[in-house]
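Got a structure for you, questions after.
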Amino acid sequence: MSTPSIGSLEILAEGDSPYFPVDPDGFRAWVRDNKDRSLRSKLMSEKDAVERLVGDGDYLTYDCNYLMRGPNSLLHEVIRQKKKDLWIAGKFTYVDVALLVGAGCVSKVDCGFFIAAAPVQKAVRDGRLEVFEYSNVVMTARLQAGAMGLPFASVRSFGGTDGFMNSGAKLIRDPYTNKPITVVPALNPDVSVIHVNQADIYGNARVFGTGIAHEECALASRKVIVSAEEIVDTEEIRRDPGRTSIPYYAVDAVVESPFGGFPGACPGDYGSDTAGVMEIFGAISTDNVDAYVEKWITPFDEHSEMLEKGVGIKRLLEMKRREVVKEGYSA
Amino acid sequence: MIRAEAFSEREVAMCIVARMVEPGRTYWAAGGGTPLYSILLGKKLYAADAQYITEDGVIAPEPMLPFEPMMTMVASRAGYRALSWGTMNTVGIHSQLGFMDYGVLNTLQVDQHGNINSTVLGEYGSDTARRFGGPGGADTIAACCWRTILITDQEKRKFVRQVDFISSPGFLDGTLGARERAGLPSDTGPWRVVTPWAVYDYLDRKLRLLARVPWVTVEEILEECEWKPLVADEVEVLEPPTEEELEILRTELDVRGQTTDASGSWITWDGERYVK
Amino acid sequence: MSTPSIGSLEILAEGDSPYFPVDPDGFRAWVRDNKDRSLRSKLMSEKDAVERLVGDGDYLTYDCNYLMRGPNSLLHEVIRQKKKDLWIAGKFTYVDVALLVGAGCVSKVDCGFFIAAAPVQKAVRDGRLEVFEYSNVVMTARLQAGAMGLPFASVRSFGGTDGFMNSGAKLIRDPYTNKPITVVPALNPDVSVIHVNQADIYGNARVFGTGIAHEECALASRKVIVSAEEIVDTEEIRRDPGRTSIPYYAVDAVVESPFGGFPGACPGDYGSDTAGVMEIFGAISTDNVDAYVEKWITPFDEHSEMLEKGVGIKRLLEMKRREVVKEGYSA
Amino acid sequence: MIRAEAFSEREVAMCIVARMVEPGRTYWAAGGGTPLYSILLGKKLYAADAQYITEDGVIAPEPMLPFEPMMTMVASRAGYRALSWGTMNTVGIHSQLGFMDYGVLNTLQVDQHGNINSTVLGEYGSDTARRFGGPGGADTIAACCWRTILITDQEKRKFVRQVDFISSPGFLDGTLGARERAGLPSDTGPWRVVTPWAVYDYLDRKLRLLARVPWVTVEEILEECEWKPLVADEVEVLEPPTEEELEILRTELDVRGQTTDASGSWITWDGERYVK
């Protein structure tokens, strides 16, 4: 038995690019069957977390970026484990896309903004990388819709651009104003990797300072790995519930990762390692991602070993020293 | 105010934009670099009560200057002493609601209708096309802020009749109501284009040369446009940067000269006039 | 020149009730022309704020309710000034609707939940009050859409109910899943009255603890009156920007209103005055709103005078004493 | 566990629901009162790791008991030591995402398909109709939680063939896929109805009597239904409340007896059997 239609809304325009499939009911079923609502420790190593939760061909979202509270220990592990054919959200991001593409992990990217350095240029020209066009805010709006369990987001931007025509957007006539409004497909990534200032073993996570879309990524994604500068006791979380940015039941793995954002900064905890930042920019600009990976990632079993043998306490303490702002970065 | 005697072209553009900053108005600064430095310069000299917001949801900060290299967004120094901290959806939503008066951004390519290209040079999808970073926040700025101030260089390849790709919307095809038909908020759109040589506004949604710096002629400017834009009956001559402006730019804002050095060519006073 | 349609979306069902007009572009123009983006003191008396910003016939939203962080000093002033013909959002609310209806201020209410006490029953029966049907979450979703500058909200609830048929909702076919999805009209109230724990003179406001939709109400409304338990210096706001719940440019008036939630509680600051709470329940249950108004509102020029002459320091201190929870209620 | 010898009907219903509470599951408690007390009782005795969320966005609190009169939502004691604090949209969204296993609510009227009426008795809009408070959060609970546990009284006027008004959705007209056709999430819907006398589930989206308390017969129960619901082949007989359950209800949870007193009639043990 199907419902008869009593009217219709015009579709005025639509983009012609593939978009990650939209399935709110399927996402709900995944949540029901896979998200643990009990208070169980999800603490594990970055190796185990990435092995278990990042699959070849997954749609992967990282929040913030390699320079700022980036989940760099997890991104390095993704490269270390040679994950393949990822579809990533290139929103609000500088070197990340070029690094992951250069490392051979990515075959599709939804574009908000990223540095289209040599590895990206080459991959696009060789047909190894498909790029679909959005914008930073449109991408976060898509994630927000995914994080609300809805099939689409409405936005007042994006219409009329060539990006629109090379995306999954549609221009429809709004039934309440009879004016055109742009809708874009909700985004529910397979997996998100997010670095936070503090988390407890269950996944209750705190981000201090500003951010891009950490809460949206966590709620919208089927699998969520949170890496934290420090693991705090749940008693501390309960002391100030208003500071919890991500609730435990959205999180599948918690990785303790001090200096997890190296070489980038983690606001409130440490500033960036300038040499390290220059090095990654150099690597992508000169198309030397392999050398970067061979120097900073593959020689080490895990991030902590890289910090120990590749960075050293002197540079880490200097990063700490460079973070002079503390106001607002604590509960 | 003492006229400066040596400055870079990029510095000129920032000083021009800084003088446009109005008290009691909100500015969305696209990324860091020239847009943010222009707004900060304007706040320091001309409009202390101008407020700005950044893409990571920082509202009206009192930043700890100078910024670290390449660390303007989500950086603790950049968000220091803000009135509120949010996320990217904060600024997306507030601009959608009409709270952002001005958007300030720079770009790769602009056309006669103020459309912005930051995605590709050449035919999109072709083998010869050169890929760029995409709109970032510029698409939302250009769509939802009431007025857009675009900073770019005065070069033929950047000032084109029609952009290769509309990453962020200007007046689209230039017809009346084109933006509204595309679902964009009404009464919005490009307002000014600023280059190191000139300032443009729009007449009937077409770019119009409004003002020039003393050391270039209208003819030289038009030479650096792929097509002949409209020209105001009276093309105003702009004041050159002041020592005061440059002092702040160089010693407080862009202390590493990252932005001001980005454009190579300099202007100097030879005792009688400014020369390129 | 109009855009040709390239397709259409079915409308499968729609409610037949009037809804507050939807006009995102009109709201934007209002914001541009009326919201002050400069840092100017908006401190004023509850009398001036309500006189200037609440008009007869306005759509009015209050956040939380008369029992919990209610903007009661402002609601009392609305009654004192005999505002008429208001259309109110009866979401997550107990006695508020009956009080405002009983005081003769209201002619329309969008229903989420409220106690349908005698004054409401009578007003409905006498045709003095129109009720339109939603739910608490649907009402907050409508406010959220209004607070995002969008014309409608999508929800996975509400479909199939008789409320839906007596609302402004529509069931449309989602273009991404081809499944039915309910959309409801965005809500941009003429005015919202919101009580907060702290605010500065510009309107930067902090709500501690949980809430209903204070941020949505503030961003969605053309006129916003914030009453605060205490006015804090802007330096204090800047010390912890992550604690700001409402940004100054959304706010049109700031009213200093200690014990502004009397007789209700203001979590973190004071508990409720039990006698006062019983009294309002009694007044609406026994249809004695007039007596309540004549005892608690009309004899006084303002809330502070009511506290002084009608309540007294002993009861206020007892309310303070009853708030034993402080954790999480400070920056 | 010692069987109690005197208790109110409302206490019986809360004890029945408390025994349904499972560890590691999430519960959305509608308002305060019986749903919240039932969940808290279940957590204390049977499933400490069951977690609940309330309409104001409190996630997994360790509340400071007892609550103040009529002060369960947004109250500091109710949200005490939560893992997260949000707003109404928090719970609306999390339930929409499928994070809420069970919704527990009570109502005015329920029908054979589990549709819930909390809006009006009589014909909507008619002069004789009696207005009630509306769905509140129940509409979202009934739509978006995976399973709904409904608490109501066993009275003919409350147990009707068809509710006067569908405030919150059950299986709607009872046809297969009716909820999905209305845009509601798939695989959701009513799961149990609990009264002081009986427990019901659904067979092919129709209410079915599953269990009864020892002191009432199936016939007495059916007497208090406006229509004859399905009856399970084996109608299980429920255990009466235990002393332990009542002790917690009366001394820790509902110390003022506001909820337990709400229903007047009591059940006592006369030495041989329980009598109404």
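To keep things simple, chains are lettered A, B, C and D as they appear, and every chain counts its residues starting from 1.
The criterion applied here is as follows: a contact is a pair of C-beta atoms (placed from the backbone, for glycine too) under 8 Å apart; a residue touches a chain by one contact, two chains touch by 3 or more.
The structure presented is a predicted model; accordingly, all values stated were derived computationally and were not measured.
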Intersection of contact partners for chain A and chain C:
B, D
Max Cα-centre separation from chain B goes to chain D
Selected interface, A-D versus C-D, where C-beta contact pairs are more numerous
C-D
Interchain centroid distance [CA atoms averaged], chain C/chain D, Å
29
Any idea how many Å lie between the Cα centroids of chain B and chain D?
60
What whole-number Å value describes the gap between the mean CA coordinates of chain B and chain C?
40
Per-residue multi-chain contacts in chain C, two or more chains:
3, 13, 24-25, 149-150, 156, 171, 179-181, 209, 239, 241-242, 327-328
At least two partner chains per residue is the criterion; list those residues in chain D.
58, 79, 81, 85, 96, 144, 181, 185
Counting only chain pairs that touch, give me the topology of the graph as line, ring, star, complete or other.
other
Would you please name all pairs of chains that touch?
A-B, A-C, A-D, B-C, C-D
Where on chain A does chain C make contact in their complex?
3-14, 22-25, 149-152, 154, 156, 168, 170-177, 179-181, 183, 185-186, 208-209, 239-243, 327-328
Interface with chain C, chain B side, in the complex: residues 23-26, 49, 51, 58-62, 79, 81-85, 93-94, 96-99, 101, 144, 146, 175, 177, 181, 185-187
So in the complex, which bits of chain A are touching chain B?
12-13, 64, 67-69, 90-92, 94, 111-116, 120-121, 124-125, 131, 133-138, 140-141, 144, 155-164, 166, 171, 179-182, 209-216, 265, 267-268, 271-272, 274, 277, 281, 322-325, 327-329
Can you list the residues on chain B that touch chain A in the complex?
55-58, 64, 68-71, 73-77, 79-81, 85-89, 91-92, 96, 119, 124, 127, 130-140, 142-144, 165-169, 172, 178-185
Could you list, by residue number, the parts of chain C that touch chain B in their complex?
1-3, 24-25, 27-32, 35-40, 147-150, 202, 204, 219, 234, 237-239, 241-242, 244, 247-250
